[in-house]
Each structure stands twice: as structure tokens, then as C-alpha cells.
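All remarks here apply to the structure that follows.
By letter and in written order, the chains are A, B, C and D; residue numbering begins at 1 in each of them.
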Amino acid sequence: MTPALETKGLIKRFGGLVATDNVTFRLEQGARHALIGPNGAGKTTFINLLTGVIKPTTGQIILQGEDITGLRPELRVQRGLARTFQINQLFPAMTPLETLGLAVSERMGGGRDWWRVIGSKTAIVDEIVEIAQRFRLTDVLDERTSKLAYGKQRLLEIAVAFACRPRVLLLDEPAAGVPEAERHELLATVAALPRDVSVLLIEHDMDLVFSFADRISVLVNGALFTEGTVEEVSTDPKVRAVYLGESVDE
Amino acid sequence: MLSNTADSVRASLNRRGRWKIGEIAFWLVAASTLFLLPERHLILNEIAIIGLFALSLDLILGYAGIVSLGHAAFFGLGAYAAGILARDGFADPLLGLGVAAIAAAVLGFVTSFLVLRGSDLTKLMVTLGVALVLGEIANQASWLTGGADGLQGIAMGPILGLFEFDIFGTTAYTYSLVVTFLLFVVARRIVVSPYGLSLRSIRDNALRARAVGIPVNRRLVAIYTLSAAYAGVAGALLAQTTQFVSLDVLAFHRSADVMLVLVIGGVGYLYGGLIGAIIFKVLQDVISAWTPQYWQFWIGLILVLIVLAGRERLTERVRALWPRSRGRTVDRPQPLTTTPAREV
Amino acid sequence: MLRRTFVGAAAAMLALSGSALAQETLKVGLILPMTGPFASTGRQIEAAAKLYMQQKGDTVAGKKIQLIVKDDTGVADVTKRLAQELIVNDKISVMAGFGLTPLALAPAPLATQAKVPQVVMAAATATITEASPFIVRTSFTLPQATVPMAEWAAQNGIKKVVTLVSDYGPGIDAEKAFTGAFAGKGGQVENLRVPLANPDFSPFLQKVTDAKPDALFVFVPSGIGAQFMKQFVERGLDKSGVKLIGPGDVTDDDILNGMGDVALGAITTQHYSAAHDSPENKAFVEAFKRANPNMRPNFMAVGGYDGMHLIYEGLKKTNGQGGQALIDAMKGMSWTSPRGPISIDPQTRDIVQNIYVRKVERVNGELYNVEFATIANVKDPVKAAKSN
Amino acid sequence: MLTILFDGIAYGMLLFVLACGLAVTLGLMNFVNLAHGAFAMAGGYVTAVLMNRHGVPFLATLPLAFIVPALIGLVLERTLYKRLYARSHLDQVLFSIGLVFMAVAAIDYSMGSQQQLIQLPSWLQGRVEILGIQVGLYRSFIIAVCGALVVALQLILTKTRFGSRLRAAVDDPRVARGLGINVSLIFAATFAVGSGLAGLGGALGAEILGLDPTFPLKFMIYFLIVVTVGGTTSITGPFLASLLLGIADVAGKYYVPSVGAFVIYTLMIVVLVLRPQGLFDRAR
């Protein structure tokens, strides 16, 4: 089967610094794959390469069998590659309703519509309702995003990405900063993501990684250090040495 | 339960598109001035034109977050296009409006690529530079524009072949008001459309907008072009109703004034430009009748006070006067402190 | 077409009502740049107009004269709007002022349409009076002041001249008038134009230095003349024997004294100097200075003063009636102004006046343009050439 | 030929002294102060008033032309400007344009709208010939004074404790605060010095650029060009930009008088589009 997302020999240099070092990586269809690594291992650069925020020095990125290396970020989203951000990137002055409406209508090509209001399309309305329920945002749809509780903002962050109806979803530390009380709700929705979406999870929190992922890749100094099942990686002494050993109490 | 949610979602989404009582009242009052204030039609005409000009700036500043200190470039180009056309024998006003809109839109399209990148300061300087260059061109090309003496000999035909411009400014004001109203209606539709929503999202957070699949640059180019066309129409209205164009239409103070007008009225809700134009012109008229030399001082003071008091908060107040069906507001975001510079 | 006639009729009625209905007061709209770069022009004219009214009283032909001053900030479309408002709302009998050429041209169609006389007190491009049959001028035209300069230069052994003018209507007028007249006398001329808004003259003056002319003919709007003078001297052009000549704008009385010794020796031709030796002028200058300490009347002021005189005398003749009657009454009028004998040409409605050749000298510790030759009764040469 | 170059350098130096305060406020506090020209105007008027009304010699007025605007700057910084540091550039632009309007009208009201003229001492008038080049004495004086200022500024920035603190505050105000540097005090002092330099520039420039109430508006664009083209991370950037602008302006008017201004504005746009950080900034 074609992998959902694949990189071949991906290299990114900033001047003399090699931030991504020859990464060849496969994300299988429907996978729950975690990418871990110590601070400064190049996780953010890797994500930025995948989403097209920066261009690789050499190498290929392939989404569902299609080479997307040269595509602009928005075109990758339109082809089914969505992401969340480690620090919330929302529209503070808009409501969750507008945010979701925007994402859904953009996906349906409605962003070029100059004339009608969004609510006039039943398909859009229905999908907003469905996403709002999935991410438990129904009660707060009409609030201003900047006024939401942090946990809700975090849910919205994932909901927006989900509203792009991705084939591949990149989750960048989805639980970062969420208070304990709101954490459960968030993890439950993440766990309940439909299986036809392949997920790449970038995470520090080992509990979350172990409970969510079925495969783990370890990134060290910009290069793939090792890869395997949760069991293999968690028991690998080399990983413990370079990674777990450094951040025992995370 | 589910259909309930769907209905309320639909209602919420459509609410922005509906005309509110305050808005209807606003335009009725505007129309009534045609009959109630016959002596003030000349200044009202200017207010309508400046209002439209400020509205065009609001489209890029309030809805797309593009700052500009050179919006007069489009205003002036529109004025010259309409003026030159009329001077050379094409006296139909509507033809002039159309040509001015197209000319300004072309310039807007071309220069929009210059303002896509860079910080606010860069954008301010680039837009300013474009207006300055255009001013220089108009100054040098005196065979076409009349140079520093202004464009002479504009003779406008009647509007639609029926309504001759009169000395009381009644036709002129009616004409400007109608054009401004029609363009306002279009702008209003646009800002509540999915396209308009995507602009607001870009203004709020361009990084996320891209991550939702929005082709940010293309959207900005489109709105910048449209805004330029609006400004061009405003300029054409000025040229046609005063039947005179001078280099002044491209001057820096035009750009600064329109910014000021918009800020006085409030950014980001379309009425800001119109309300600002009313306040600004009436103030200017009153203060300058009282002290012709020094009215600038008071305008300056007002501007300083508005900024110190926090213009967003003031805009909120003004907007709160609009009757709204629910307590939700659509204001500017706070500075995006949550957006680290990750886009580089 | 029908509509057009209607509008014309309405405008005519308006003009009538301006004089027929408002028996008590006759309003004069004075539109001037009171702020912005040309504010000094506005201030001079306003001061002079007010002085005139203070001296002569505010009653003419049994009616009270009311002066309404408006600031057009030097912006032509504002001028036009203000003029229109004054005509429509205030029902003025006369509009006056107009600091710059575009500002005078913008309201000209209104003057024609509403039959309201427009008294131009400052703007000096020759063609202005042709823009409407209701325009009359009490300032001067640049060719009027310039052609005598060319003649004087030709007679006084100057062979090669570089002209340096601000790049706008009056400047180009002056350049053309001088070049035409001087070349006609066999002189050699090279032309330079500087942008109207120009912070630094040095590159242009360097060109002049390189050209080594006998004289530099200069026209810049009053106000930036001082800067020009200083740089002229700084560059040592005076010492290298280049004479500075031009119409009087560059040695504007308003700022002449502040220029200091650099201005000494400049030779200019113009219609007015505060040092003009006549009892009328002495009285005028004294009264002006008393009313406005720190100001010396310049050619703008005298244009405003005479403009008010023309309006007063015209209204006296028509017994307060405005419109066509008033403009007819103004045509051909002549009187002795502080600047000397002047008259309004009945054909062109432009001013006919003496032009004086002057030299900047120190008199009683202050710098003045001291007149040393007179060319009597000069008409605007541009229009004179056309009518021949 | 060389005379043109010389004039351009003098003009550029003058522009630098006028604009460097703006570069510092922009670089340090990220504040777009369009009212910078108003401080320059204040300095010019201090000199003009002292010379014309009180007969103070030209050189003696220069320190006051620095001190008075510096004090005004200090007061305004402490009372008004500091409230706006965190605001958007747009707010800052609007606020400072408002100040400009007020300053223009206030000067007009108190001093009149006419040009203010000053009489240079005779030893600064005229010109001499050096190595075949015609050199204006006053322009030489300007080059000397401004050159000394540039060197002094550079030394202060690189060699003194204040300079290193200032640079630390520019690089990262939060870290600087953490190191116990009184950033707010540094801001105030720098703002005052910047305003003072502008005032000095205004006084020196009155003779060449003219001085009337519209001064801040007339030259605002030039200052902004210097700063945006030169960048704001160093003193050398704006300095080179000033020289470039001065020489280009003078030479442009000499050789191609009809397109002079046009070239400068176009160049500015090109630089801004290609190098938004400024021509002489290190790439980030």
C-alpha cells in the first residue's frame, strides 16, 4: 500500500547548520505514529518542511503517492495535509463558529465566493455541527475565541485542522499547557479521531505517546535515530541514553 | 437536538449579513439630507466622497490588516483618469467612473505585490513611495495632467443624459451619495461572504489562515485591487463634481487625512469611514470658520487623544450604539502576542 | 438643453437675489491659503484687506460690507467648494483672494456661471483673466514684471543669462516672457527649472556656476526666495560677477530684511516696493505696520489693498449692485494706489501699472528694494501681443 | 564634479544628524515617530529666536538647540510616548502625525508662517578653493560637526557602558531587564538624545533647508527614507543611507533635473521590496 506520507532523503541546512539530516520516513495509512526527540532535535524544522513553511535543501516529500515538495503550504492543505500548532494559532477576534465555517467553506472552494453568506449552504452548516460535536465545542460556538478557556482553545486548534478533512494530520504537542482538569476531554477527542486519518504526533509527554501511538520514531540532531513499535523503542537502551535519560521527569 | 444546533448555527452565520435597524436609519438620514440640508450639499458631497475613500481604505486596513500611507495614489489616479477623459470630450460621468475604477484597479493589482511582504513599517513606506512616484509622474507629465497648475477645462455631461450638474451641488451630492451607497452595499456583501471571512482570518493570523488552506497572497491581492478601484471611483467623483483636478489629489496629506478620517470613525466595520468623514469634515468646517489658521492644531489634538484613549475601545463604544440582535462583537484582535515569529 | 437654461436662469436669479434681496449687507468672500506652505500670502492679503476696511469704514453706498475669510489650505478643490458655498449659501457679491494660479483657476467656471465677479489679488499667471469674463486682477502678471527686466538687462550690457524658475505656471510664464524678450534683443539664454517643492538649490546653482553667465534670472515663489539668495551668495556667484536679476518675488518685502546682506545688489523689476516714494505708500506702510507689528507689507498686501479698493469703488458706482453691472463698473477704473498709478484694462480686465526697476539697498538699517527706474503703464505683454 | 560630491556629502551628513534619532527610536523601541521632524524644527526655532531676537551668536545657540528639544523629548517620552510602545505601528503613526499637526499649528501661531532666516557669522559665509574644488565654508562646517557627531555616537555605542547597555536593550529588552539594566531609563535617555540631535540638525539645517512651520511635514519623508533604507540595527546603516541619499539627490538634480525625485522614491521602493530590513542591515 502507498504510505500516507513519505519523505526521501530530506535535508535542510541553515548556513552551516544541518537542521534536518537525510530523513527518510514513512507514515502508513491510518497510522498512529509519534515523533519524539530531545529539545533541539529538529522536530519543528521537520514539521515546517512537511507543511511547506520552509523548503528543503534536497530531498522529496510525498503525500498519498504525490510529490508535494514544491507545493505552497495552502496547496498541501488542499491535498489533505493539515496540522495543529504547538502554540495555539487561532483567530482571536473570530468565534469558533466562524473559524470552523471558514475552514469548511475554504475546503469546499467557497473562499472565492464574494457574494453569499456562509450560512446559506446546508452542507457547510451540517459539517460545522458535526465537527463542533466531535470536539465538544457546541456550547461555545458564539463566544469570542480569545475569551475561551485554554482547553477549549486547544480543542478548537485541533478542530480547525480536522475541518480541513485531512488524510494526514500532524499534531504538534496537542496537550501542551492544558490544565489537568481539561486534559481528559482533550485526550479523549484525540483518541477518537477517525481511523481513516493518519496521524503524526509530535510530543514530549511520554504518557500520551505510549497511550496513543502504535509506532514511534526518534529524532536526534536532525537525523532519524531509531524507529519501531512502542515496545521496541521504550525498551531500547540507546533511546533511554540519548533521550529518556535527559528528560526523566517530563 | 441536532437540527436545533444546525438552525442556530445557520442563524448565527447569517446574522452578519442582515441589515440592522441602525444601518437602515443611517442611510435614511443620509438620503433625507438631500431635502433637509439644501444649503450644505457641497460639503455633503465632499463628505460622501471622503467617506467612500475611507471605506476603500477600511477594506484593506480594517478587513485585511494592510496599512497604507499612500492610498491617495489610487484616489489621484482615478481623479486624473476621469478628469482627462472629460477634458478630451468623453463627458459621460458613468463612463468616467468606470475608466477610473479600472485604471486604479490595474495600478492596485500591480502594486499589491509590493505590499505582500514586510513589516507594517515597510508597507507604510512602500505605499507612501508609490504615491510619491505617482505624484512626480503627474507633475512631470504636464502635457497630460496640466502639471502644477492643475487640469483645466473639464466639462461634464449630464448623468445618464438627464441630470445636469448644478451650482447648488444638488446633482453632485445625489450622484456621489448614490454611488457611495451602491458601492457600500457591494462592500458589505463582500465582507460577510466566505471571501470576507477569509480576509478577516488573514488579518487575525496569517500563519493559521495558510494552514487552513487559504491562498493568503491571492486573497490580499484581490482585496487590494478592489480597494484601489473603490479609491479610484472616489477620486473620479471628486474630479467630476468639482470639475477640477490638481496635483493635490496625489499629495501625502490626502493619504494621511483619509487614514485620520478612518481612525476617527473606527476601523473595521465599514461605517467607520463614513462616520469619520462626517466628523472630520464638520469639525474642519466649524473649527476653520472659527480660527481659519489653526484648525490643524485641534485636529491634531483630537487624533492624539483618540490614540491615547485607545482607539479600539472607542470604536467599540461607537459600535455599541448600533442596535444588535446579540451581544457579540466583531472587533479587532488584540496584538497577536500568541504568534511567535515562526513563519520565517 | 432645457435643463442647462434652467440652471443658468437659477444662477442668474441667485446673483440678482444676492444684491436685490440682501439690502443690508454686501458680502465679500475672501478665499486665501491661511495654512500650509503658502500661508504667508494669505496672511498678507487678509491683513491688507482688513486694514482697508478699517480705514475706509465698512459702509458703501449705504450698505454694510461684510468680509468672510475662508482658508482653502492651498488646495484647489477646496477653493472651488468654498467659492461655491459662499455663492450659494452666503450669497456673496464678490469673491476675492486666490493665492496661487490653480486656486484662481478652479473657481473661474463658477464666476461665469453665477455671474459673481472674482477679484484675483495674488495669482500671477497671465492667462487667469481669460478663464472667465468675471475675473479681474489687482496683483500683476509675471510677464508684465518680467519683460521690462529683459529690456533693462539688454540695455545694460548683459549678454548671457541663465534663467532659473520654479516648475509651475507662473515660473514657466516668467521663463518664456524673459527668454522671448531677451532673445529678441539679441541676448543668449539658457533655461533651468527647479521643482516647486525643493529643499536644496545647490545642484542647480552649480549648473549656473558652470555656465558662467553675465546674470542669473530667477523666479521662485515668495517665501523660498530667501533660501535661494543665501545659497546664491554661499556659492560665491555674486563675487564671480553674476548679477542676480528677476521679477520681485525673490526679494519679497515680507522677508527681505531677514535675508541680510546676501540680498544686497539684487536687481529686480516689479510693481511694488514698500520703499516706493509716495505719500500714499508712506501712509499705507505705516498703517499696515501699526496694525500688524512684525510684518512689512509686500506686493501681496498691496494686491489685497487695491482689490478691496476696486470692490468698494465698483460697488459705489453700481450703488451696491453686483453681477455684470459690478464687473462692468470695475473695467477701466483707475486710481492712485500705494504702488503708484494703476488702472484696470477694460478689454482684458487685467491690471495696467508702472513697473519699477529696483536694487536691494540698506535704508535706515533695513533692507529695501529701492526703485531707480520706472517703466510707465505696462500692460500684460502676453494679452497685448494677442490683441495686436 | 567634485563640488557636487562635496555638496551631496554635506547634505547627507545633515540628513543623518536629523534622522539618526529616528533610527534609534525605531530600532530601540520599535516606535515609528513621525513627529521626529517636529523636534528638529524646535531646534531650528531655538536658534532662530535666540539669534534674531536676543542677538546670541550662532555657535552659542547650538548647545541650546540641542538641549531644548532634548528636554521636550524627555518630557513627552515620559508622559506620552511611553504609553504607546506596546501599541501597533499604526497607532504610533497616527499619534505622531497628530503631534506634528499640533506642532505645525503651534509654531505658526507663535512664530508666524514665514520663513525664519538666520545670519551666519561672516567666517562661515562664502567659499574657498581647495585643490581646485570650490568648497562652501558653511558646508565644510556642517561636515565637520556632523562627522564629529558620527564618530562620537559610534564611540558611545561601542565603547561605553551606556552603549553596551543600550545595545543589550535593543537586542532583547526582557533579557536586559533580567540583567538589572534599567531599560526604561535607557529608553528615556536615548529618546531625549535623539530629539536633541534632531534639534541640532534643525538648527544647522535652517540655513540650507529653510525653516518654517511646515518643516516637519516637508522632511518627514526624507527621514523615513534614511531610516528604512539604512535599517535600524546600527548607526552605520542610516549613516551610509544618508550619504547615499544626499549624494543621489544632489547629483540627480544636477544631471537629470527632471527625474531627480522620481529616482529616489523608486529606489526606496526597490530597496524596501528586495531588502525589507534595509540596505545595510545584516541579513537575519
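Throughout what follows, a contact is a pair of C-beta atoms (placed from the backbone, for glycine too) under 8 Å apart; a residue touches a chain by one contact, two chains touch by 3 or more.
A quick note: this is a predicted structure, and the numbers were derived from the prediction, not measured.
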Open item on the list: Tell me the fewest steps from chain B to chain C, where a step is a jump to a chain it touches.
Closed with: 1
Task: Intersection of contact partners for chain B and chain D - done: C
Task: Higher-contact pair (C-beta pairs counted), A-B versus C-D - done: A-B
- [ ] Could you give the separation in Å between the centres of chain A and chain B, each centre being the mean of its C-alpha atoms?
- [x] 40
TODO: Measure off the straight-line distance from the CA centroid of chain C to the CA centroid of chain D, and report it in whole Å.
DONE: 37
Task: CA centroid of chain A to CA centroid of chain C, Å - done: 74
Open item on the list: I'd like the Å distance between the centres of chain A and chain D, where a centre is the mean of that chain's Cα atoms.
Closed with: 49
- [ ] Scan chain D for residues touching two or more other chains and write them down.
- [x] 105, 108, 113, 258, 261
Task: Touching two or more other chains - residues of chain B - done: 293-296
Open item on the list: Which label fits the chain touch graph of this model best, line, ring, star, complete or other?
Closed with: other
Task: Each pair of chains that touches, named by its two labels - done: A-B, B-C, B-D, C-D
Task: Footprint of chain D on chain C - complex, ascending - done: 35-37, 39-40, 43, 192-195, 197, 199-200, 202-204, 206-207, 209, 223-224, 226-227, 230-231, 233-236, 239, 254-255, 258-260, 262, 294-295
- [ ] Would you tell me which residues of chain C are touching chain B in their complex?
- [x] 3-4, 7, 10-11, 14, 34-35, 39, 43, 69-71, 75-77, 80-81, 84-85, 87-89, 101-102, 105-106, 109-110, 113-114, 125, 131, 167-169, 195-196
Task: Sites on chain B touched by chain D in the complex - done: 61, 67, 69, 114, 117-122, 124-126, 128-130, 132-133, 136-137, 140, 252-253, 256, 259-260, 263, 293-297, 299-304, 306-308, 311, 335
Open item on the list: Touching residues of chain D toward chain B in the complex: what are they?
Closed with: 26, 32, 80, 83-84, 86-91, 93-95, 97-106, 108-109, 113, 217, 221, 224-225, 228, 258-259, 261-262, 265-266, 268-269, 272-273, 276
TODO: Could you pull out which chain B residues touch chain C in their complex?
DONE: 39-40, 42-43, 46, 139, 147-150, 152, 158, 163-164, 166-169, 238, 242-246, 248-249, 288-289, 292-296
